[in-house]
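The same subunit A turns up in both complexes below, where it pairs with subunit B and then with subunit C.
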Partner chain A sequence: MKPESSTNISTNSNQRWMSSLFSALFMGLGQLKNKQYLKGILFIIYQSIIWFINIDITSLVLGNIKLPGISLSFEPFYLLNYLQQKIYGVYTLGTIPGEDHSLFFLIEGLVAIIFTFILIGIHIFNIVDAYKNGKLVDQGEETPDFSKSWDNFLEAGFPYIGMSPGMVVLLVATVFPVIFTICLAFVNYDANHLPPGQILSWIGLRNFKDLVMFTQWKGAFVSVFTWTVIWAIASTILSYGLGLFVAVVLNHEHIKFRNVFRTILLVPWAIPAFVSILIWRYLLNYNFGHINKMLMLIGFDKIQWLSDPLYAKLAILMVNLWLSFPFAMAVCSGILQSISETLYEAAIVDGATILQKFFHITLPLVVRQVTPLLIMQFAFQFNNFGIIFLLNDGGPPVFKFSSTGAGGTDILISWVYKLVIRKGLYSYGAAISIIIFFMIAGFSVYQFRQSDAFKEEELR
Partner chain B sequence: MAQIKEDDGFLTAEQKSNLGLIASYGVVIVMIIIALYPTIWILSASINPNNSLSSSSLIPAGATLDNFKELIFSNDYPFFVWYWNSIKLGVLSSIIAVMLTAMSGYIYAKLDFWGREYGLMLFLVIQMFPPMMAIVAIYVLLSMFGLLDTHTGLLIIYTGGAVPFASWMLKGYFDSIPTSLIHAAKIDGASQFRIFWQIMLPLAKPMLAVVAMFNFIRPFSDFILASLLLQSQEQLTLAVGLYRMVASQFSQDWTMFAAGAVISAIPVMVLFLSMQQYFISGLSAGATKE
Partner chain C sequence: MNKQKKLILRIISVLSAGLFLVPFYIMLINSFKTKKQLFLDTLGFPKTFDFNNYIVAWERLEFLKVFFNSLIITVGSLTIVIIFSSMAAWMLQRTKSKLSTFIFFVFVASMLIPFQAVMLPLVRIMGKLNLLNMPGLIFMYLGFQSSLSIFLYHGFVKGIPKALDEAAIIDGCNSFQIFWYIIFPLLKPITITVSVLNAVWIWNDYLLPSLVINKEASHTIPLRIFFFFGEYTKQWHLAMAGLTLAIIPVIIFYFFAQKHIIKGVTDGSVK
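Our next item is the complex of A and B:
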């Protein structure tokens, strides 16, 4: 008698497809067919629980002590029905006002969708596993026994198992809220539609349309958007411009105590930003701020730093420059020190002036290295809520946009805050968030393409 | 010696160089004055005896430490509770962030697997989003689980936000550790986990410390999330508590704020300045081209 495996070769068997089909019908059957009994049984138990058992978390009461417990009961397709019902809830967002909480319906439905994907993923994994081992049988090899396959699983799955704790927290705390926000932009969630009192409904693109159709909203949106872009570009260029200038000055060959000076100049970066922004808010105060006092001392008039729209913009750019130039300076210093001295020596021999040396050697080299950081800085400033909110509360108020709440120095993200927290216009806030989302995603993808982190390193 | 001299007018090269040096010192001194101006002002305000802050001299007349005393023994402001809250949140979030990301950093740096690029892309994109953007969602989610106004809720959001950046920094560090170590260990038959735990992790200690520091400081510098998620006086962190001292329309305790700001900002400042090169290289990692 020939061993079983070699008969399979000779008959040009298709164990891999049969096993896959078995596993697709019911998890574990393919593994049984591949003679991996323990694994097959575990899969069968798993799928039986998923399909036929109602798992309920109850509490066992023993005298005075309550213990959490699990009650199991036979109920075909309980979990699947439950998931289906929750996913249907995303479509309706509830039916009984006052009882059904639309937001919770949305959240539970999204969780149910994610959970369904995980179940499908496990099933696909099961089919692929059956296929692979079936292929081994087709090639006349032994399928690995349980402890061997467990080891293989741990070895091949190591990357996924290892990063799963971080990924889970990331998904729960960061990615899921973003998905939820995207959904909110397409429902009518505002102060007049507050769950659970009212049922929300899907309204398509109406929130976006409102933002560009109503005159006042349109005006506010265009104005805030323009200022956001100007703000992000200006503060990025200013901080790196001044940072580079100070770095070049500090790099002067005869200067002493260079590192001491550099450390002192890093102080604005080292103090928690909210503290220094609040101090600046006080210093810029019209009546008792120190800056106006000094202006008066040297014979100037007081300036409405925080309540004149133009000066407010200027003031916020200057304070932000104060906050952000030290980091740029530190980065530029690092780059300057890496530029080879011979380049400058050669330039001197050619009779180059200081300015020529700067514009033809220093600047191009620094710009090339610093470009990715500029993009990150731009993205950061684009959403720099902290300084806008803490320095001037996005103010001064702009009369013609009064119903939208947008102030003279508001950027998109601080406007979102006002819409959401002060006006209760949650869906408008979410819609603007999506616009920010696409802007930032564009930058990140560009940044990703530029970054060498993915191409040039050796693996293994 | 062939010295290069420029004869383009009135000054010799040496005089020019001296002028340049004087100008350089001038620029540096002006910048230092600007950089320290608010700091000196807040120090002076913190020892100012009255609440009006009208004094414009550097050391106010009748300088006193009363503001610090008043703050410490204040009944209105549980300053030490806020301090303790910030330290507690800082320690917990730095420990959790390191535990969550040490392995991801290693995996993304040294292993090849399906989905690696998508993961890195996800980190990079997520890292650019301020949590502010999803604030409604965060608020609703936390209220659904009864986590509003609790440190647990804030901690979850902090650590979730820390994962991409911390993984990214650690990946950068593991990239610089030679891969040959892994090959050698593999030949000796070490398992994946042992290679990570016994060989790579000890080598990454410096960067782990930096990541821990970054996350420790977060509750001291984050104002926005904490102010939205924490409400009751005893739950506040330093940042929110200090802000409330001066944000209220009815009472603006600027001198008390100044004292509180000095006490809370100095440790953070010292930490940042003493670890500046790690922080700066960490912050620019993944962005600068080699």
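Our next item is the complex of A and C:
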């Protein structure tokens, strides 16, 4: 840096704007104007290929071996036309029934949109680069030569290059399917409109409207939604209530073999949930399950654990409590051990009883630390597909909602699964997914705002 | 506290711990009974220990094969997830720019998306890419598991002073060397946590393999067990033996890595 150069900016020197304009017109021109010839030529070659060359992937046949090859031909604006055509396909979703597959139109169109954004991003990068180097020229400095700017690029870009494989996976596995699901919620993709036989069309908010307007759908939606909320709240509170209780008991110094108990209580957590749930399905069986047998032994009637709507709900809450409280207990005992002994000693000096110690020392401290976890647990239970699906398949079936497929213990996410996989009502499934997503996102954003991780992010 | 009270407390805890394990007790004892015995007496101890059920279940499950399938998928996904997410978290944390904040936010936000909501498009896209097989499954686990892992690593990397990176640069390390020889060894505690959380999840996952794997030869343990359980609903003695077989590897792992598991779970949740 020459210190005097910054004061020497001539007022009529506008290299930065000129080279930005040049680069905006055609990539690389701005770099040429900044006297960065090699870089400029590379950009020009890139831009020419994008604009004027048709790249076709063909296969070269050499004897018996097929090799992938590339054929190039001169065709102005081939790629741009192609992208435009694909993006237009998102709007029409095909025109010829039986030939145009609307879903592939959607997928290809979305890919084209993402690709277009990448192209635009590269172009913007080019303009910014021209502006920056133009500014150097304005300040009377030398623009860096090619090897130096290549090094700069690598240094600044290294983290992003390193992350790119993960970004690609994230894009393919999460971001793209999410966009796709959102699109599905606004088209009429159901059992009557199955591509490629029929062309799908955009229908705006009609799927959402159906869910809250049609009598049967409305009833099913309200009932499933209510049960989902009750289920999530009840199972969270039950598991942490029992978990805290057991943790407090085990934390008591008079209990011997504490660690043995802790290990035993963590066994259900270690056992694959699908195995435990299948065992429970067997135990809850009406005719030969052990629970009914035991009930009969002590003189009660058998109970329809899996086919009566109310008992099915109780049973599923009970099994889930059994599955989830060990985790809550492990968390709570971790917190308990971090509470300083001196607090309790002081309380004893003041003559506090066991209950007073619990309610005035233990409980407030545990609750404060555990609140974010409660919200996380709530969000998890809200979408706890596994237990609902494996224990009772969301059943028992409810007669008045028969056409919607919603069962007595179905939560929103298992209902989505049924709608999509069994009933072929893809758009309704997508619409409900979006509702679920907003619920979960709301809770999580609230929680992240509370937690330290994001506060630091925002501060920096 | 007097002796009587202590005794009562102890009895209660032993009883509740016992009651807690009843389902496994039932599974275990019934796996040794013949079909007839199981029908007559479901709660009692088996009169003879008959390993025949296990032999039959072992063969019908093709246990060795599905075990290795599960092992390959779990170890493969775990390795990729750990290498990638630790590196990404380090880079994201050390690079302070709007873009890196945005990328981190996208990763964190993708934790919120319920899998069932995206599974159908995902399977379609994967089908189009010809990835409905074991490599595709590992690829998808990278996509789904890396967000939580990055989140955990990111919190941990914050605690590693940047001066270490700078000292290494002065000594002439390139970025890859800094990460591999300096940062990664320091990440060991969180790596254990991340491995345990991911390994347990991937090993036990049923839904994703059920959608992705359609060749019987590449079934995982949960997948095969579920089919097996459905097929043998009238032959509980075989079903129970199959379930017991499925648990054994997990129990072995659990007793070896118990300390790490409990620590991993509690750490993973508190952070």
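Following the convention adopted for this analysis, the second predicted complex is superposed on the first by the 441 of 460 C-alpha atoms of A that agree within 3 Å, B and C clash if a C-alpha of one lies under 4 Å from a C-alpha of the other, contacts with A are read in each partner's own complex, and residues count from 1 in each chain.
We adopt the following convention: a contact is a pair of C-beta atoms (placed from the backbone, for glycine too) under 8 Å apart; a residue touches a chain by one contact, two chains touch by 3 or more.
Computed from a prediction, not measured in an experiment: that's the story for all the values here.
Peer 1: Once both complexes are superposed via subunit A, do subunit B and subunit C end up clashing or fitting?
Peer 2: Overlaying the two structures gives a clash between subunit B and subunit C.
Peer 1: Using the superposition on chain A described above, determine whether A:449 touches subunit B (first), subunit C (second), both, or neither.
Peer 2: neither
Peer 1: If we overlay the two complexes on their shared chain A, which of subunit B and subunit C does A:422 touch? Say first, second, both or neither.
Peer 2: Once the two structures are laid over each other on A, A:422 reaches no partner at all.
Peer 1: In the superposed arrangement, does A:349 touch subunit B (first), subunit C (second), both or neither?
Peer 2: After superposition on chain A, A:349 lies in contact with subunit B alone.
Peer 1: Quick check on the superposed pair: does A:283 touch subunit B, subunit C, both, or neither? Answer first, second, both or neither.
Peer 2: both
Peer 1: After superposition on the shared chain, which partner residues are touched by A:385: those of subunit B (first), subunit C (second), both, or neither?
Peer 2: both
Peer 1: Considering only touches as defined above, state whether A:368 meets subunit B (first), subunit C (second), both or neither.
Peer 2: The answer is first: A:368 touches subunit B but not subunit C.
Peer 1: Residue overlap on subunit A between the subunit B contact set and the subunit C contact set?
Peer 2: The answer is residues 103-104, 107, 158-160, 162-163, 165-167, 169-170, 172-178, 180-181, 184, 246, 249-250, 252, 254-255, 261, 263-276, 278-280, 282-283, 288, 290, 293, 322, 327, 330-331, 334, 369, 373, 376, 379, 383, 385-386, 390, 413, 416-417, 420-421, 426, 429-430, 433, 436-437, 440-441, 444, 448, 453, 457, 460 of subunit A.
Peer 1: In their complex, what parts of subunit A are in touch with subunit C?
Peer 2: For this pair, the touching residues of subunit A are 103-104, 107, 158-160, 162-163, 165-167, 169-170, 172-178, 180-181, 184, 246, 249-250, 252, 254-256, 261-276, 278-280, 282-283, 288, 290, 293, 322, 327, 330-331, 334, 369, 373, 376, 379, 383, 385-386, 390, 413-414, 416-417, 420-421, 426, 429-430, 433-434, 436-437, 440-441, 444, 448, 453, 456-457, 460.
Peer 1: Which subunit B residues qualify as touching subunit A in the complex?
Peer 2: Against subunit A, the touching part of subunit B is residues 4, 6, 17, 20-21, 24-25, 27-28, 31-32, 34-36, 38-39, 41-42, 52-54, 56, 99-101, 103-104, 106-113, 115-117, 119-122, 124-138, 140-141, 144, 156-157, 159-161, 163-164, 167, 171-172, 175, 179, 182-183, 191-193, 196, 220-221, 223-224, 228, 239, 242-243, 246, 254, 257, 261, 264-265, 268-269, 272-273, 276, 280-281, 283-284, 286-290.
Peer 1: Of all residues in subunit A, which touch subunit B in the complex?
Peer 2: Of all residues in subunit A, those touching subunit B are 103-104, 107, 154-155, 158-160, 162-163, 165-167, 169-170, 172-178, 180-181, 184, 245-246, 249-250, 252, 254-255, 261, 263-276, 278-280, 282-283, 288, 290, 293-294, 297, 322, 326-327, 330-331, 334, 348-349, 351, 354, 368-373, 375-376, 379-380, 383, 385-386, 389-390, 413, 416-417, 420-421, 426, 429-430, 433, 436-437, 440-441, 443-445, 447-448, 451-454, 457-460.
Peer 1: Any idea which subunit C residues touch subunit A in the complex?
Peer 2: Residues 1, 6, 9-10, 13, 16-17, 20-21, 23-24, 26-27, 39, 42-43, 84-85, 87-88, 91-92, 94-96, 99-101, 103-104, 106-122, 124-125, 128-129, 139-140, 142-144, 146-147, 151, 154-155, 158, 175, 200, 203-204, 206-207, 222, 225-226, 229, 236, 239-240, 243, 246-247, 250-251, 254, 258, 261-262, 265-266, 269-271.
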